[in-house]
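Before we start, here is the structure in question, set down as structure tokens.
Letters A, B, C and D mark the chains as written, and numbering starts fresh at 1 in each.
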């Protein structure tokens, strides 16, 4: 299945992916209205290593998702390879944050968990981070499945 | 003031027709004249003409110069020039029939000449080259002389008027040729000038052409590097020079010439066998400036044959018919049916594919 | 066609069903459910009281879960006996059910130590099940004074759940600190302070000596008047049925990494078991929901003839009260070193021994803590990562290029 | 002397979401975030108007505008002229500029119009009919020869085969980045055209694109060795550059770092100074020797291009080159770009490419030697229309560089010489170089060329021409507007309406 992959050699560390993610999942149609004056809680996060190399990290939609197995509310599930979160069921216990080995599940600022759902549940059509990356450093492609 | 021919470029639409006997039988001009009648509307009365091969068997060793003179003084001047290079074998009027449709005629002469050997030696050129140079010199000089035909055992006959009238005017029924070509002209940019009518000739090459080539200036500017002077600024003129350059000067075959001026598309070349691919690639690489684009159907007459060729997109009509030893070529099938009412084998050659007809070896 | 029987209908049972079906789409599955409810999320009962969820949303799986997985549930039934020789179980109504593979997901029960006068208390409740919760909900009014015995996870979640519905809440525990099983003194103190700020009272370091109606007297002499009593002292694994069948049982049913008991074709999973904690290299009862699911799933796969192991279990807890969270995982074995970073609202304590992260306690803002958890679970040598950076913040950047490439450039 | 900044950063605070992209993306450090006031601030004096921040700002909260704070209006002493005097009075230095001459000198391309067919001759629809743009560059034989069996001897002097008559012109590795070179090399390969190394050698990673590479030999001979010469499809001797005729080049030591110095074969950090002349070419016969030396070194497999700046007697120079053994002449007009040139030279030396091209083509035809060489025209060829006009004037192909840079992201801020190109093109700073992802850069170049090829075909189809060679030198297809008799005469075209 198609997943989001990062090409760190092209990541500029501009953090636009974070803002595009936050906007795409804000449910609003205007970025200024959605993000101005607010702290953003993007589902993709730019990291920087000791050599100054930057790259964005988001849910890997792993084969054996420990977040799904650990969710005490049954809010996380895997459908057609995509790990989704049912926000109506999530009570904000953050067990998923505690178990995700990639740090890809995060608290959304209001107490519940959120994670990358490949922009399948918003109006974006395709992952906003990929669309908005100015340097092709985030791609949405099929690289096969884990063994 | 409307500019004269040669002062501006003149594109024109046209009708062409040709007939040839592969057995070398000589036929008078009746048939070819009639063939132009059904294509009357393809001309506008501003030019018609014919070329005939094999008409001067008794003078076949000599270059037959057909010349228009505006006046006597031009004629005298021109003859003086000719005498510097040639022996004048015969100098005569071309007989015409006065008809109301043809007016404003110039002085029309036929001069059989033979190059002087001393001149050839002095200039270190062959006699054909001498003829070309002298004819170009006369035609480039706007003093009122214009050589419109200069081959051996052949001649062009042309005038301002509809082709069928021009044929009657020149009494072509009195000439016998194994090969005839004819042309009716529809120029859009000229008051009509006798010299501008087709065929356009150089040595024994004659060209009748229907079309308006878009590559004109690319072709002209290239060919002029090699001593040709495109004074008339017509397609026919430049195509004639290209034919002369490729066939006589470069020594290409007719097929090879066709592969230059109506070169196969690169995509077509890609699909050919290796040897052909190499040949066609070579010809396109070496002579790119002689590719002729835009619509044309031309009939090239030469000593002993005809070649018909369409542009590679076949943007102009041209059909070919064959019956016994005869081959007919015309813009429209109607013209062929006039010449050969019972003909069965008529086809339309593909764009860029030359139709070459040769008279049997030794038949004329 | 294989016959699978599962005793219990909690999350371990759900995991077991999904585990079986990941291998065997055919065999029959029978689930013995003492409760009248389809599998629900037990820890959500406090959120129910808090009205952050409702009975419908508490379902662990979709309504069609059992149908989709071809499992038959016998609601309101309990298994009373296992006959390992004949491979049959007997139900409370006397029915026998044969099995080819059996999984015990019997869970745990509240443990109530003997306390004098407890029988004089009318309004006393456990806090384990939906039924407990609904009963408790009925009993409380805005004027209720609630006394909760036990300042562990259950007691405190109960306190949080009831907080806005009652007049006052007092929590008492024999231990000197809250959440004594997962937090050390300093962390517990910060959490306690936060709870107190939100109106929860504590009586710690002492236990109830005596009850008399709605009056309790502590060992240290403190007296408390209450309207509702919640008993949340602790839980005990339900092991009897396996023990009676001749299975090996300590504090929990003994299982191996494949979740097999000592009896052939009998598996066990969830709160009723005791198993290996790799962070401390000890065997213990870790009544944790994520582990219950993973055990159940492991058991299911193995029951159906597949191969699975749950061999990296660690204790871990994510718990929060009134918006203040705490994440803990692993253990603090003797001789471990502790790295600490702290300020007024936040504590980060990392425990390291033998070049490995063995455990952590984090209070305050929880961000990407799973990266730490994975270090414990994978027993990653800290010399192979940039631990100095990790101490500041959990990040993949510190995990080395090879790991990063593996995780970010290919499917995992 | 302090001036009010040339540009102003206009930030619409009501749109700014404080994402700080502008701050992170500005190598000139114009923007920063003020933690106290929680606002973005800027130092406009550092702004070069490269538009990087404007382009990346996700909420369009930014624009860069020309400052209207100007010295007192003076038609003779412009604001710019005066400030340049101040700067020179302060520093005593030669002024440096980048990219092409920006001054309002005539652009002849814009005064030439193209013909189309009506009635007497059909336009050709490129969507329905084949429309050919392939071009061969190189010497054509005067006479054909035949083998013993009468077949044509198809051996030719080495030719470059182009799928369309446009190539990427010389920009050295050093003046532009590794990723810019990678983009050009990959695009040229995908397109079936050529790119040019410029005088900076060929990075070892790019030898794989050799079949589509023109390797340059310039006066500094940087990076020139046998393998380099043999790696390319053609060798270009650079005698001059349109942006700076008569002077050499200078890559500052700060750019000669790492692979750049290695590829140039010079010590790290040393200035790479290309002399004004080739010190082994002081006359045309010396050029002939170099042409043949290079041919000899590469066993006559590769065509040799001689690149010259368009200067006053360009026609005579070209005639000399056409007889020097060179296969191709590249003429670079005065509006051509540069990574750095003295301002006075860039803005005042040389002649327009249109006139130079017309003069050269005519001269070579007049001398009957047009077939000896192909002509490449460069120096501000901006569009498919410019290409068509150049071909019709007589060029065999065009060189583009500024347009290629624009395709890769350049915003023509003309600050290449600072080495801080925010678009990752004219820089060697690794953090900036990575801003140009060659996957994107090469695709954008391919897109541009695809678009131009379509447009060239449309224009050709309109003229009733279905192969580019029938357009070459076809000046009848051009008409001038607003040109003097003299200009028309030099261009060899008629005025519109004639």
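Criterion: contacts are C-beta pairs under 8 Å (C-beta built on N, C-alpha and C of every residue); 3 or more make two chains touch, one makes a residue touch a chain.
Source: prediction; values computed, not measured.
Chemist: Comparing A-D against B-D, which pair counts more contacting C-beta pairs?
Modeler: When A-D is set beside B-D, the one with more contacts is B-D.
Chemist: From the centre of chain C, which other chain's Cα mean sits the farthest off?
Modeler: Greatest centre separation from chain C goes to chain B.
Chemist: Specify the chain with the shortest distance from its C-alpha centroid to the centroid of every protein C-alpha atom present.
Modeler: D
Chemist: Roughly how many whole angstrom separate the Cα centroids of chain B and chain D?
Modeler: Distance between chain centres, rounded to whole Å: 47 Å.
Chemist: Need the CA-centroid distance for the pair chain A / chain B, whole Å please.
Modeler: 78
Chemist: Would you mind pulling out the distance in Å between where the CA atoms of chain A average out and where those of chain D do?
Modeler: That gives a centre separation of 43 Å.
Chemist: With chain centres taken as the means of their Cα atoms, state the distance from chain A to chain C in Å.
Modeler: 28
Chemist: Mind pulling the residue numbers of chain A that touch at least two other chains?
Modeler: Answer for chain A, listing residues that touch two or more other chains: there are none.
Chemist: Counting only residues that touch at least 2 other chains, which ones in chain C make the list?
Modeler: Nothing qualifies.
Chemist: Graph of touching chains, which shape: line, ring, star, complete, other?
Modeler: line
Chemist: Could you list each pair of chains that touch one another?
Modeler: Between chains, contact exists in these pairs: A-C, A-D, B-D.
Chemist: Report the residues of chain D in contact with chain A in the complex, numbered from low to high.
Modeler: 14-21, 24-25, 55-56, 58-59, 61, 431, 434-437, 439-440
Chemist: What residues on chain A touch chain D, complex-wise?
Modeler: 7, 9-10, 12-16, 18-20, 23, 31-32, 35-37, 52, 132, 134-137
Chemist: Any idea which chain A residues touch chain C in the complex?
Modeler: 3, 5-6, 8, 45, 47-50, 55, 57, 60, 62-63, 66, 69-70, 72-74, 88-89, 91-107, 111, 143-146
Chemist: Where on chain B is chain D touching in the complex?
Modeler: Checking each residue of chain B against chain D gives 9, 11-13, 188, 211-212, 214-219, 221-222, 224-226, 250-252, 256, 263, 265-267, 275, 278-279, 281-289, 291-295, 312-313, 315.
Chemist: Show which residues of chain C lie in contact with chain A when the two form their complex.
Modeler: Touching chain A: residues 15, 41, 43-44, 47, 52-53, 57-61, 289-290, 293-294, 297, 316-320, 323, 325, 327, 329, 366-371, 373-374, 377-378, 386, 389, 394-398, 404, 407-412 of chain C.
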